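Only one structure is covered here, and it is reproduced in the block below.
Chain nomenclature is as follows: A, B, C and D, assigned in order of appearance, with residue numbering initiated at 1 for each chain independently.
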Amino acid sequence: MLAEIRGLNEECGVFGIWGHPEAAQITYYGLHSLQHRGQEGAGIVVSDGERLQAQKGEGLVTEVFTEEMISKLHGQSAIGHVRYATAGGGGIVNVQPLLFNSQNGSLALAHNGNIVNANALKHQLEAQGSIFQTSSDTEVLAHLIKRSGFLTLKEQLKNALTMLKGAYAFLLMTENELLIALDPNGLRPLSIGKIGDSYCVASETCAFDIIGAEFVRDVLPGELIIINDDGLHSEFFSYSTSNAICTMEYVYFSRPDSDIQGINVHSARKNLGRVLAREANIEADVVTGVPDSSISSAIGFAEEAGLPYEMGLIKNRYVGRTFIKPSQELRERGVKMKLSPVRKVVEGKRVIMVDDSIVRGTTSKRIVTMLKEAGAKEVHVCISSPPMKSPCFYGIDTSTHEELIASQHSVEEICKIIGADSLTFLSVEGTLDAIGRQGYGKNCGQCMACFTGEYPTEIFSDTLLPHEKELSR
Amino acid sequence: MLAEIRGLNEECGVFGIWGHPEAAQITYYGLHSLQHRGQEGAGIVVSDGERLQAQKGEGLVTEVFTEEMISKLHGQSAIGHVRYATAGGGGIVNVQPLLFNSQNGSLALAHNGNIVNANALKHQLEAQGSIFQTSSDTEVLAHLIKRSGFLTLKEQLKNALTMLKGAYAFLLMTENELLIALDPNGLRPLSIGKIGDSYCVASETCAFDIIGAEFVRDVLPGELIIINDDGLHSEFFSYSTSNAICTMEYVYFSRPDSDIQGINVHSARKNLGRVLAREANIEADVVTGVPDSSISSAIGFAEEAGLPYEMGLIKNRYVGRTFIKPSQELRERGVKMKLSPVRKVVEGKRVIMVDDSIVRGTTSKRIVTMLKEAGAKEVHVCISSPPMKSPCFYGIDTSTHEELIASQHSVEEICKIIGADSLTFLSVEGTLDAIGRQGYGKNCGQCMACFTGEYPTEIFSDTLLPHEKELSR
Amino acid sequence: MLAEIRGLNEECGVFGIWGHPEAAQITYYGLHSLQHRGQEGAGIVVSDGERLQAQKGEGLVTEVFTEEMISKLHGQSAIGHVRYATAGGGGIVNVQPLLFNSQNGSLALAHNGNIVNANALKHQLEAQGSIFQTSSDTEVLAHLIKRSGFLTLKEQLKNALTMLKGAYAFLLMTENELLIALDPNGLRPLSIGKIGDSYCVASETCAFDIIGAEFVRDVLPGELIIINDDGLHSEFFSYSTSNAICTMEYVYFSRPDSDIQGINVHSARKNLGRVLAREANIEADVVTGVPDSSISSAIGFAEEAGLPYEMGLIKNRYVGRTFIKPSQELRERGVKMKLSPVRKVVEGKRVIMVDDSIVRGTTSKRIVTMLKEAGAKEVHVCISSPPMKSPCFYGIDTSTHEELIASQHSVEEICKIIGADSLTFLSVEGTLDAIGRQGYGKNCGQCMACFTGEYPTEIFSDTLLPHEKELSR
Amino acid sequence: MLAEIRGLNEECGVFGIWGHPEAAQITYYGLHSLQHRGQEGAGIVVSDGERLQAQKGEGLVTEVFTEEMISKLHGQSAIGHVRYATAGGGGIVNVQPLLFNSQNGSLALAHNGNIVNANALKHQLEAQGSIFQTSSDTEVLAHLIKRSGFLTLKEQLKNALTMLKGAYAFLLMTENELLIALDPNGLRPLSIGKIGDSYCVASETCAFDIIGAEFVRDVLPGELIIINDDGLHSEFFSYSTSNAICTMEYVYFSRPDSDIQGINVHSARKNLGRVLAREANIEADVVTGVPDSSISSAIGFAEEAGLPYEMGLIKNRYVGRTFIKPSQELRERGVKMKLSPVRKVVEGKRVIMVDDSIVRGTTSKRIVTMLKEAGAKEVHVCISSPPMKSPCFYGIDTSTHEELIASQHSVEEICKIIGADSLTFLSVEGTLDAIGRQGYGKNCGQCMACFTGEYPTEIFSDTLLPHEKELSR
């Protein structure tokens, strides 16, 4: 069946707050701290208790919002969203939160994750006369809610959620309440915080530090939390739950200063590096990491291996969005706008290059070449996670089966393809060990599907790739 | 006399190339690699041998130029400039290269440095009927050239340069040649490279790596280089020269992958950290650096001290240009948009925080507070350069005498002000030692004026602060 | 019942073409010629036979579209829309054509007119689970089509149209066909043209002159025209029809070079002026018109009265969109950005000022004052239509009952309010007479509802005002 | 000698005010009323008595300025400028007022006219070491002032003006005074007004009506007016003066509601039409004017000829700035975006088409063709000015000798070229007669150089065309 699976989707970040006089401004800062989770677009919807008002745009949080816009978003409650840059674009219509107005009131929706049966549900709804305005799987939830026969939004939502399969962290807001729902496997991170008397919610705990909120607790798998002027109320919409938090959140995606399920991301990465150093056991002169995400694991590796950690690769801090493509000749000369090697550091050295993962192999190949051209005698590539053999359907845009190099090639073959002198992946056990060592203990389950192919949910044959989503409109 | 000195100026980056079919595009990439030297504005002037054409704007290189603009900049030669964000603004009129047209041909000018007697020269020129269009000290050179009685541009330029005091790396371009001049003390870095048969010139060697050029040599103090279709010709406009390259280029300003006078910047910083560790000799649990500029010295420190290097502070990669100011309440809660502590790393630890310099002390105080609020048991601040007691007049925007905390306070007082448990500055000897250990040896002189007050040139009482420049227009 | 009627709506312009290689460009020019019908927004949807593609924006046609945009709108067929500036704004989401995508294909919709039972239908549809994305009455048609049980779009559309009451000229486009529908009373103008072998459709015939098309015929009340690659096919969705073209299209709204039902608008206006002159019979020195819409009737008046026609009022051609409000003091001094009197023309004269209509009376008062301040001895106001006593529900944004000065005051009272020396309205009979004299004869019926209160359709108590539409979202 | 004359220049509009709390806002409205004199760019410089502040941009007044910008232009005095769209562009650097800052104070300059010896003076100044920043002839005056040895600005200016030849209406502003100078032949219009106690100055009197100012008097040829906090002071910098106001200001350029030297422009045009009707004496059915500038003369013509005036040509009010070029095919079909014929008005009729002038003949040819294609039986072209045989060097962008159709062809030949049934130009005597009949009598001299070739000033062989100006930079 996996042969038919066509793809996977997008990662995003969500933030919400209820009952604070500066709701829009706090949401702005919250989204800013989650910017690494999505750079395509950003949006904020505020509620003043009587109506919802939206402000959205394409680009970074600091590009989308001006001080004037934020000051005009009056209201005590807000939800916000940052959207990941999918290949096929998407346009302003897909920027979240989605806002639905009807003569019975308004509903705003922000979503991080991926609904694996979105396409089947959409077919069904359209056959019943529903008109979809976006190509987003998020809109499906709105239609399911509207068509549910139940009387209260809570019941409508619980009914609708039972029809969804996949990974989701949903924020919904009306004039009267903020509803928070996490999928029954808890695939995506979602935490509750408190700033003064006001509850807030965010994809990552780093948002709480930035706005001066305290961490309260993580949202649990299958939990539905309702926040309104009476406080926080929790219940469960599913009792068939498991704990399958995405491992790649630790390995690559989240910010180093976030804690996921009690485990700090930087510390987890450093541990991954330490375990990797023990598993690899390579003779070399220096250890270098690929900035920014692999710096922590490279330092852990260097410490464990007793080797000097060096800054062998520099990331240009001002990359920005250049639309100017180098000409063929310049490309061959190797224009390096994002990453440059530090010649004096690697020249004549046996270099261990630590990276977090290999998806298609093209980036690794480019970096190995770059280091060798800069004079490295040997380049040993050490990856702080296992080979990624299966696509992710839960909101991380990896690739199809065919494009995943580790799905098509052995480690030895990959090593040759990328031109490295040796290639070591962290073992599955080492990965679990390294992350699980801290926090609430070994029982904390993790989704390892992209490494093992064991998916925690059903997968459907018509689950769409992001660019297919656009075309299917 | 120093009591009357009112200020100092701006840092910038320059790039030029002669005789390459893709001159504008290469200059674009060159400027992009020098972006860290100036983010206020950027400009490129190209020559097709018959006329000069300029394109400039405020903002980052990737914001100023579109692919279409670059493709319209026809010509085989180009010079470019990135401009530092001075406090008082400046506007598009001051973005360089400056382009002067007359009925005898055109002249483009790009400048990195600061002319300390600009104001006096401007007074004199205005008294003779010259009209200045910018508030830039760079324009003075154009007027001196135009009013010089000599017949050729080379002679006019040599004559004009004898009137200038201060630090300067000048690029001048006409329809027929590219002229390069470095001040007699060699205060600012400037290097020659070669891409195919075409010579290029850049403030830092990292530009050569990015465009695939080879490093040829550094420009020498007092040297005038002329590049035209006949090749490269060198002569000297001054024989009273010294080697006084700015120490802060190594400590803070340049990119880690650049080499200045044969010494790699990352390596110099790591050495600074090592020497600092020996001088400091502090008991602690972890070493952390203030990103990005102090990572190298922190790693050197950690290695020398045998302590673990940790990522105790995270820099938000998407800071961008937010014009949204946190409200008073949020400010008190400590909104941290640029830098956040990693609580799990510092909690309960004795932390050594390595930074490159202390100017006013406000940033250091904020970081120390941040680390303590995140649970650090002790915070020991170690600075990888000596106390900065005197303003810089050569192009680095430090501050006035009164604002430099080390000019007003002892090390003990500063330690108290910033709330640290201890404060260690690297010694002057240690600094010379650490940088001079590599490269062409100890004889390579350095400007240490901001630490010692011994300036390599005359200083004038009417040298202007950047914001005063604006007002004086 | 009329006392409860709350308002009316917006005027717009539509254009469509099927099967021409330059469909988007022709639609651009067509919309440009209809710009006077709506300046808030413009949009074009093209079909290349396989998919529909939209481009829309707020502002004028020349502001919304760039040459690049038009060149990217590939396809042989297109529909376009210009939208009237309603008071309450509306935003990009309401700019037409609306484009609905589903897994069975796409549907684009452009509409000129007003559905008087839109609100009731929307209530019903929302109760059944439909989610509306716009506040436009146009979207109701899309939902009715989607929920109709019929198999073909033609049948679905015919079924849906029977549920709509009001005035409408609809263009619908799918990958395979262009559908055109006019309401059973033919309240809005809509004509078919031909350019080469390709049929086109436009709100006004002036669009055909501009693009070099020939006029074919007017669309008939209750007619449904389908244009596809097999040619043009016509049928009727209603047999209970009448001819009630809006009189204000002749009096004020349409372009003078358009023909509506065979009658040229400029000629109709000149005739209105002639009849008015006979009915008024006033002694005066000069006749002047309020530019631009009343110039034709003023010239007709002057010729009939044997008086000189003079340019007593000048309209500033560069008014643009100034958001700069004059201060109170300047307002009192009478800043005149749009209209200025020509002092030398009116000084000491008895002036007949011809205008097309009086809605609230404020503009007339301002012009009379302006003329008197410029020295006019007497100002006689002559209006080339009857007193407007009842609001329009069919797409012209007049006003509510309470705001219509002629609904609240007698002619004598209005004359006093506006400060005129006399005030003459054209009679209802004179109006019919003047317009009906030409074209296909007297049988050509006209909607005179705004003058007489006799509406050709049912009116519902919840018909919304434009600004109420926004609020009801 | 005329064979060597290479060209002519640009028309503009100027406005200034001294000592009014709302100086910037009033200047904004003043410039808005002068918008017809220049649409390429606009600028305002304000003085608060201590410093000058500029705001400029390309485009219309309403596009260049926002409410926020105007509100930030603090000061009691201001000058402003609107710039004509020259073919070769020019860019923001040439948008006026020019602002020159020096250590002795600031000087702002706005200019309407053309300095015929600008090029020679520029050569001379550059040879002396001056650097020009713009390609504008206006900058020459600033350099002449700066290099003059006199002590006060008034004396420096008087000295500089004696070196200038040509047409000019100059406004100069410093922190302390507003200086106004008109060339010794009074070629360009310039008038003084008063709003409350504050004097203002404008190119046309229509600006006074718009801002609620009273007309005081016209500035006289060779007069220098100084306005400061002590009031208005007048003296003459030349006693060799004549009155040679530009005839084309009456015929075409000025707004109909302006008075130039006591003569209303609309009335002058109507008179031109009347005299033309008497001179032409043609049998026809209808008279039509080419909008907007020929409507007045067409009405005068129709009244004198006893023929009906009809709106045979419609100008699209929303032409805007379309950069979308019709394809070849569409062009051949005759896309008419700016002007359309009213078929029903001209069909089968003998049409007299009144226009103000013929420059190259291409527009006339296009309109004649348009009218014939719309069914006109005969088209008789009547021009309300004499054949334009010589280029203008005084600020109106006509054309070179070679491009002026009347310089190369007889009236009969032109008639054939444009395809008219007859062609009549107003005689030189008729022109003088028609304009001179009103106002201060026949003695009021006029520049008729473009009709007669008799220039009131010297003309130099290096007077530049506007596009040559750009190239010469």
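Here is the rule we use: a contact is a pair of C-beta atoms (placed from the backbone, for glycine too) under 8 Å apart; a residue touches a chain by one contact, two chains touch by 3 or more.
For each chain, UniProt lists the protein as follows: A, B, C, D = Amidophosphoribosyltransferase.
Computed from a prediction, not measured in an experiment: that's the story for all the values here.
**Q** Applying the touch definition from the top, give me the chains sitting in contact with each of chain B and chain D.
**A** none
**Q** Give the label of the chain whose average Cα location is farthest from that of chain B.
**A** Relative to chain B, the chain with the farthest C-alpha centre is C.
**Q** Counting in whole Å, what is the centre-to-centre distance of chain A and chain C, each centre being its mean C-alpha position?
**A** 50
**Q** Could you please state the distance in Å, as a whole number, between where the Cα atoms of chain B are centred and where those of chain C are centred?
**A** Those two chain centres are 62 Å apart.
**Q** From the mean C-alpha coordinate of chain A to that of chain B, what's the distance rounded to whole Å?
**A** 37
**Q** Would you please write down the residue numbers of chain D that are in contact with two or more other chains?
**A** Where chain D is concerned, no single residue meets two or more other chains.
**Q** Let me know each pair of chains that touch one another.
**A** Applying the touch criterion to every chain pair yields A-B, A-C, B-D, C-D.
**Q** Tell me, which parts of chain B touch chain D in their complex?
**A** Residues of chain B touching chain D: 100-104, 122-123, 126, 128-133, 135, 142-143, 146-147, 472-473.
**Q** Spell out the part of chain C that touches chain D in their complex, as residue ranges.
**A** Touching chain D from chain C are residues 22, 25-26, 28-29, 32-33, 35-36, 39, 60-63, 65-67, 70, 195, 206, 209-212, 255-257, 259, 264, 266-267, 270, 292, 295-296, 299, 303, 308-311, 314, 316-327, 329-330, 333-337, 340-345.
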